[in-house]
Each structure stands twice: as structure tokens, then as C-alpha cells.
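Take a look at the following structure, please.
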């Protein structure tokens, strides 16, 4: 029988506190919630804002050692000022002026870039130089040396996606500058693309690579895959959606980052569902809307938006042109650690009621 | 050439802030540190304190729906009041009075228990009832129903290890109470131990299981493995250290939790090293010291302590009796996501200079 | 001490024989040879012969139930009359007249086809209809329904590769005719190619497939991969050699069959090596020679030849045009079971002395 | 329209033969049978015969270089004089006199031994010396050095199981004698058993091993696993059956050989089934019968018998004592290459009608 619970417990809780102990029974609902309670909020950053800010940074801020990159990070308003797009994902817009060099370094964060406008810029990843063209996906896996440069007069602009939040959460950040500003590229331009870029063929003398063997997925192949798939099949929740994979293992492009490209066909409104794991989208082409937990996000080229974990979401292309979304997600982490769950929105026709449209000013 | 950087940049930064954008170049050192900067601190909780608090809770706090468990969580002083032992690990001492029932539930957090004193208590995991004996490791993988009970008059006490911090970080918490207080156990006591407990044999008609097939690793086998290994080999950093594994795949016992048992032989002082990933130790038997980043932690039976990511650590058994440490770690996550790094302490004889002894009161 | 070995042993051996027992010590060298002693011999079948025989069969032999296919099997002279190209591989030339149907069936043998001249013919594999074009590789994995047909007036001709010898060796043959002559194709022509034919992209809602997801590897992609690789890298033993892979796992196209395509660049003579595992080659384009255990095999378009296990072999393109070899091999079996060994020919410049040229009439 | 098929075809077939070509349509049923047609026959070798022959060989035949082992091979009467127990499996009884040494060698065949009477004998496998005791399973994976010796005056006797037929079929045999008769054993007796013999624990500093890390599975553990499993579960087809596994991967003990131990409980008659893959059994303890394709094989301790691919089989222990069967099989090959099929005997109560009892003299 508990003896005078009130007083005994009061003292007990004080003693716990001073001993750096916390009783589970006072907080179970908080730390073991019935369903996820993400702090990240659905949010959108408009291209006009992103471009304006990036262009002004391009004029006023040099790319130098220390900063190393002119990257401007989406900072989710739910995360209390942290410069992270979601709990696990860093996303940014990066601007490189013509003839500039973003100096070579390496880090334990995994990174991808999706090129909005390449304009004569290139990346060199562990010695392999690839020119960046609109729609290309470029990988810099953890601890690979990489620098970016430009041989033209024009600025380049792209979306960055990294696992910085996760890397920091896991207390696993290492960073090292390269001794020089740039790596000497190997003799063959686009060498890894030439060797491995047709995914169903592998140099016969090589073993499968657990890291994606090629640094770049060229837009020509990506678009062809989208166009082909559209003729054959589609998902009720994501329409014509493809994941970029390591063709040597079938796994996600990086151990902590998944990358998708999605074609939302004219007139298509997908069914809503929700799942664990968060994503950051770039509207790459066309116009459409994504409804997230009842709020409508209307997007056009260059807009970026976030779908947090366990938020219902559906895509809607009400136009007569194709719309294309690129996105990064943390599904390799969430699913890889056994934390994936999915639930269709099963009311009515599978579409959410729309409570309003997102306005970042509101 | 940047035009009037000062002013333009000032306005730029204001505009960024209001647009929920953050420039990488102002924070690179913070979010991409050269080496990890864990917030978790090396810390120790003495058995006398843990036992006293738990016993008082046992007298004054009932185990009821809502709390479900009389678990008292190690709360790392570096984590700003969060009830977590490290960034990724929950560790607690749990007390169950004789004849009590900790009601059945399930959750997406993975959990392990290491039994300090079983005293007639049992766990039922997805219908398989196992009696808890000193030194047993009991698993409750994500979303398995589990309840604990006792058929004796005595209290039971054990260490809990869960991935609650990670589960919450990933926005992946689901929790469900069982309709009744207890599950009906299947007919065979210790059924999974009987079927799978000799790890190198598998029922011939079954496929390997990606989740550990048995709920319990009995102390008898564990101790035998330690005693055997001590005759054959040891690690310079961890002495006679064994990882509990899923014998059907060779992987860690749970996707997010690793479990180790270590025998530090009399007179052995291991070499120091550091690596990414954090751990919580329970001194299970004997006396010794662990030196963490130059601070000496002297431990005896029941003490629990934390080694954060990238902290140098070495173990020292200066006594003439064997010392045994049980520990949980997040290495399946850290290594599984490609974030593992290790570095030996390579000064002198591989031992750190000891700057002082830990005192939780100091 | 052995008692009167001669007589005792004589009786002993008789008694063994009648008891169906055999002493190891009398045959060790035979059943445990120092190095492999394949019965399969290096051999070549000229295109002129293959075509002539096939054409005559096309005129005089109908394709009917029972035979099901007008396939003419390479029968290695070393195998004592068995209709097998090597110990493990079946290879054949198949001829399909215009408007003919080779009736639908399925079997546990894995099969591939490499198209020499498609001419309006198609294969339907588990409902997916693909038109066959020169250079296409078409798979019919074990137990998939498949039939071949033609919508033109012209004959089609291709190379078949199957694991029939292995399937029979393992006592694992099952065969079933389809209830009708042809399957009803699904609505989408080349459906699997459209869904999966860009190997580094996977429909985002699908799991990786352990069997190759697409039935056909189109020549356009194959040739592009060869041309690309030639700019970036090559093997000293196999020149510009690519293995067809399952892009969802990186493994060979079928569990028992590997497929390669090789470009031997003008002027290239590779270094010789030998390895366990056998292969059957089709000279697809151009002219060259392969030197096998010192014998020169001069080949041109359509010729087929065999390289047995552990035979030294090198390729030589003395012409000024590119030469392309397609081949099937049993390396997935040999390597998958841990039986792979490789040895470079390390005399002189790595080229064998040529003792003579192969002549099937000699 | 075929022109004068008879004559044209006749000449055609002649021309094919001389060109080493064979028409599929004349042999499809033979090379693509509807169901497997194994040449291996169900057969049994009685212990009295095996022991008598082995003992006489022990008296009259020395163990010397060249033969290397006093092994007497089960030679399946269906295999035309080949010294193989089944298409893929070599099985033998081996006799080692007291104080003898069977000299060290290595080969690419995988081998296992199951000890009938150890009597002071030992095996040294890659330097690890293990004493052989009744019921132990000892592995010598491909290309590991191994020699056998005895420190007693008594003879030892065991069952050998190797993949010699497969190794030869694949043209992959390599063999090498060790420079000396015996290897120098490492300091620790039974070293690998001590390190890895508790299968659910792995030295924490080691990676999982794709080859079984321990050379020996001790009978004590095996028997405990059987006794435990008997309390918890059983297979309708195989009763209390366990597969020996590599605890670091869950796979079969060797890439080409599976090993099972089965307890047929008193009074149990299993249901019949058939599957692809062959097996050789050793009746290790007790008495019982196995009915294979309707023929009853009555066995007692030491008897060995064969179940070919796709033969119906069931086990029957009509006695009041436990019966234990050890067996080797080729399922890792058959299943690993995708060739596994299984079918229950679904007439009546699942038991075959018994047409007669096997008699090797008949």
C-alpha cells in the first residue's frame, strides 16, 4: 500500500530531479505519443523570394573559405530557429556566380544537388568532373572531395539537399577543407557517367558498388524514364513517381537520403495518404497544388515546400501541362531503421477537404 | 565586386530571417563541425541512488494505465532537462513489486531489458512468457505486445534500454494499450528460447528471421560465451567483449539498439579509443573504472554510466575479481547509416592521463 | 600392421564393389584433380553452317506442340553426344518463320535470347509483349510463360541460351504447356521496358525485384553503354566488357546465367587469363580472333564458340572496325557457390603462343 | 510449305550431326521433362557392412599421400559406377586407426564430418585443433588446410560428406597437399569453438563471417537444441528437425552443403512430401523406417541411406525410444539457384502405401 503518496511522492520527485532522474509515468504521453507529433510544419518558400535573396547574396557575399558555399537554407518555422527544412533534412538554394569557385572540401554529411540552371558550371567529385545541366541530379556521398566552378560568365543556381540535421543529431560531423581551392579533374569528363550511366549494365570486371557508382544522373535519362513510365503505370498517391537508385544494389542513392522525381499528369489529382518520414519538394516544371493536412500549397517552377512526417498529402495538377516535382526525403533512414508506416486517407474519394491556401505572409 | 557589402548584407540578412531562410556561410562551423560536439555528457548514476529512488517509488507510486511502467529514466545533464541518457538512448531502472502487473501495451520504440534481480517476475512478449532471471537479456522489438508480472512476493528490478529519443527525433512514435492488463501466454513457457536459443541451429522448416527469433538471451549462455572467449581472444580496447546478435542474420539484436556484454579480466586496463555512437553501461558484476575523456568513473554493481559519441574511453579492472559490464548502444544506427568512425588513443601506452574522478555531487 | 595386403585387399575390393562402395584412395587423383579437367572442348560453329541448317529446318520442320521451338543446339564434341554447348550451358540458334507461332509454355530452366534478326517477331513473357530487334537481350526467367510470334512475312533468327544442362544435373526439370498457343498480351506494348528500362530509376512505390524486372534489354541502351564505356575504361583481359545486370539488385540477369556484351576495339589484343566457369560466345558484329589454350578461333558475324572452364583465352581484333561479342556464362553459379578462381597468363607480354587455327573439319 | 519433309529432314539430321548440332524438337521431352527424372536411386548401406569393410581396410590399407584418407564412398547404383551417393553429394565412411595421421591437404570441395566414434582423434582445420567426439559436426570449408590424427590406441570412425560431384560437374576442382603431414596447431585447443560456439554472441570487435566462424558444432549443443525444440514445435514432414547454420549469417553451413539433425520422437510417423534436392542420411541413434517412393527402409544406428530429388519420403519411429538422423543435402545449391520445389503427399492421411521393404541383396 502506498504510504501517504502525496508527500512521499513530492519529496521523491525532488530527489529524482536532483539525481538527474525522471519518472516515466509523468511523461509517457509526451515521449511515447499515440501518433507522431512532428515539430516541423508544412511550409513553402516561393521561387521569387528564393531567387531574389540568392541574387542579392550573389552580389554582396563572396564565396570564401570558412563559408565555402553560397547556400541559403530553408529554415522550418516549427523548428525554433534551426536552419533545417525538417527534423532530418537540410535544403537550400545555392548560387554560384560565373567564373567563381566554391572551394573543395569534404564532410560526413551526404549531399545531393538538383540543378535548376547549370549555365556552364561543373562539380568535381573525387576527381570526376561533370558539367551541370538543368535537371541533373549530382551526388556527393559522405567524405568525397567536391568543389564547384564555372567556365561561363553566367550564374548557376541549384537546390542542395543534405542530411546535416541527422548528422548532427547523431554526433557524427567531420569536416575537412581540401588543401587547394579545386581538385585536378581526371582526364575523362563525366567519367563515372560514361562508366555507369546506363544503369542496367556494369563493367564486367567490377563488383557492384554499395555507394552509387556514378556521381550524376543526367536529366535526359530521368526524363525518358518519366515519359516511359507514364505510358505504363502510376501510383494512386504519387502519380508517375520514380526513385533514383543505386543500380548496383537497388537501394536509395545515399544511406540517409532518398531522391524522387514525379510527373503529375495534366488533370490528375492523387489520393491522399500519410506516412512517417519527411520530404522537401522542388517544383521543377509546371504548376500545381499539394494539399498538406488540409492546407493547399499552390506551386510553380522553383518553389520549394515541406511535407512533415505523418502529414496527409496529395498532389493536384489542374493545368493542361505536365508538372514535375523533385524531392528529397529521409525514407532510407526511417524505413531502414524499421520506422516506416503508411496510411491512406480513406474518407470519401480519398481527397482531403481543403481548409485554405498557404500564404507565408499570413 | 560586391557593392557596399555592409549595408546590402545587413538588409539581406533581415530579409532572409523574415523569409525563414538562413545563410550557410554564417554558421558553417556550427552545423558542420570539424569533429563531433555532443551535448550528452559523460555521467554516472550510482546504484545506491537508483535503488533508493526506485524503492521509494515502489512504495508510493502505483503501476497504472497511462504510466504503464514504474521506470525511472537516466536524464543526461547535458541534454537540457530531456529525460534521455544520450542523444539517441533512453535508459532507466524499472521496479516491479511482487504480484504487480505492468499492463500490456506496444509501441514503435524498440526495447531491451537486462535483469538485475528477477525474483519470480516474468515478461510476456507476443504471447511468449519468459521468467526473468539475473543476467537475462529480454527483447521487445517494435510493436510487439508486452506485459510484465510477478508470481512472487518480492520486487524485481532491471535496466531498461529503449530508442525513445531516436523514435521521437524521427517523428515515428506510435503507442497502443492492449485491451486487457495481460496477454494470455501460449502453452509453452519460454517457447522462443526453446526453439531458437541455441543460436547455431534453426528449425529446419523455417526461414531466417530478420527480427531476433527469441525474446530472451539467457544468462547461462551469455556467461558461458564470456568464459569461453576469455580463453581464446580479447580486444585491446574492450577486453572480452561480446555483442548479442540475431543468430539468423548476424545483425544487432534490434535495428536501432546494440547490446554488449563485457568481461574485464582482473588486472586488465584496456587501451583508450573513441568512436562515433553513444552507449549506456550497467556495471553488472565486480568493480572497476572507466576513464572517459580523462575523467575516472569508479563503478560497482548496479552503477550506470554514459559514454557519449567521440569520447575517449578505456576500462580498468584493478581488482582481483572479474568485472562484467552490460551496455546498450546506438551503433546499429550510426554504423548502419554510414556514420561510424573510430580512432585509437595513440599517445604513450594508449592510456589517458586521469584528470580527476567523477562525483555527481561536484 | 597390414596382414597380407595383396589378397586381403583384393577380396576387400571385390566386397566393396558388390556392396556399392568405392575406396577413395584408388581414385583420388580422378575425383580431386589438382586443376580442373573439363570434358567440354573449345569449339566453334560457323554462321554459314548455322544459317544453312536453320534455314533448311525452317523449310522442312514445322513448329508444333511437343517440340515447341525450332531450336538447333550446339553440341560440344567433348560431351559424348549430349546436346549441350558446355557442362552447364545450352546454346542454340532458333529460326521462326514469318507468321509462325512458337507455342506458349513454361519451364524451370532459365532462358535468354539474343536477337540476330528480329524482322517483326515478338516474344510475350508473362503477358508482356516485346518486339524483337537486332541486339536485344530478352529474358524468360524460370517458370514464366512465354511464346514467340511474328507479324511479318520474314523469318526471325536468334541465339538461345539456357541452363538446361544444370537444370537436369540438379534433377530440377519441370515443364508445362500453356493451355493455348499464345498468351493474350497486356495492353501496353513493351510494358516492362517502359517501367524499368532506365536502370537507375525505379517506380517509387515498388520494392526492388530479385528477378530482373524488365524482360528486355534494348540494343540502343546496350550500344550506348558500350560506346560510353569505351571512352572511360577497359579491362586488360576483356577490353570494353559489360555485364547485363538486374538494376534492382546489381546481380546477374538470372540466378544461373550471366550475360555479357563486349566491344573489342580495333587493334586491341587482350591479355590472356583463365578462370573457372564456361561461356558460349556469339560474334555479333565485326571480325576477330579468340585464342583458346593456344588455338586461334577466327570469327565473323554469327559465329558461335565455346570457352570451357579453366582454358586460357584472349581476344584479338586485328581489323580497323569495331568487333562486338555477346556471351552467356555460368559465372553466377560458379561464383555464387564459391567456386570461382582466376589466373592471368603471366608469360611474356601476356599473350599465348598460337599453335594453330581451329578448323571444324580437321 | 515443307518440301518433301522425309528426305530433306533426313539429310538435314545427318548434316546436323556432322556439324555437332542437335535439333531440340527431337528431344524436348528428354531434356525438358515434365518432372525430374533422377538417376540416383533410393538406397541404403547397412552399418554392419560399412563397419566390416572399413575395419578390413583399416587392417590392410595404409593411409598415405596420394590417397590421403581411408574413406569408402557410398556409390549409388543408379549412377553407372560413379563413386557418388547422389548426383551432387559424396558420402563416405572414414576409418582412422589409433596413432595414425591422415595427412594435411586442401581442396575446393567443401567437406563436413559427422563423428560416429571419435576415440581420441582430432582434426586440425586451418590451425585450429579440435578433438572429435561422438555427435560432433566438423567443417572444412573449401581451401582450408585440414589433417586428422589420433592420440589414442583406438580407431575413430565417422561419416564424410563432400560436394565432390558438384565440384567436378562445375569443372572447379583444385587440390593441394600440405608441405608436411600435419599442421602445427595454434595454442588454443578448440579455439574457434570457444570464440564462436555460442551462436547468438559474437566477439564485439569482429564483423560477421560469411563462412561459418567455428569449425565444430559440438554434440552437447546440438542435443540440447533438439531436446528444447521437441518441447516447443515440430514439422509435420520432418518432426523435430534442425538445420545447422552459420550464426553470423543464418545461412547453411557451407555454400554447397546443408546439414540437418532430426529427432523422430517415439511413435511419430511424419507425413510424406517430396522436393527437389537430394540427401544422404546417417541413422545416428535409435531405430526407425523411412518410406521412399513406397519402399520401406528400416534403419538402425550407423546405417546410411539416400533420398533422391523429387522422391516422396516420410519417417516413422515405431519404437519407444528416440531416433536421431543426421543428414547432408544439396539444398543450398538447389534453393540458392532458384530450383527448389516442394509438394506434400496429399492422399489419405498423408502416408504412402508401402509396397515392400528395401533389401540390398534383392
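Read from first to last, the chains carry the letters A, B, C and D; within each, the first residue is number 1.
The rule is short, and it goes like this: contacts are C-beta pairs under 8 Å (C-beta built on N, C-alpha and C of every residue); 3 or more make two chains touch, one makes a residue touch a chain.
Just so it is clear, the model here is predicted, and its values are computed rather than measured.
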Pair in A-B, A-C or C-D that repeats B-D, with over half of contact pairs matching by residue number: A-C
Between chain B and chain C, centroid-to-centroid distance (C-alpha), Å: 53
Distance from chain C to chain A - Cα centre to Cα centre, in angstrom: 43
Separation of chain A from chain B, taking each centre as the mean of its C-alpha atoms, in whole Å: 31
Chain contact graph, described as a line, ring, star, complete graph or other shape: ring
All chain pairs that touch each other: A-B, A-C, B-D, C-D
Touch list for chain B against partner chain A, complex: 2-5, 8-9, 12, 15-16, 19-29, 31-38, 40, 43, 45, 49-50, 53, 56-57, 59-64, 66-77, 83, 87-88, 90, 92, 107-110, 142, 164, 166-176, 255-256, 276-278, 308-310, 330, 333-334, 336-339, 341, 360
Sites on chain A touched by chain C in the complex: 188, 191, 193-195, 197-205, 208, 214, 217, 221-222, 224-225, 228-229, 231-233, 235, 237-238, 241-251, 260-262
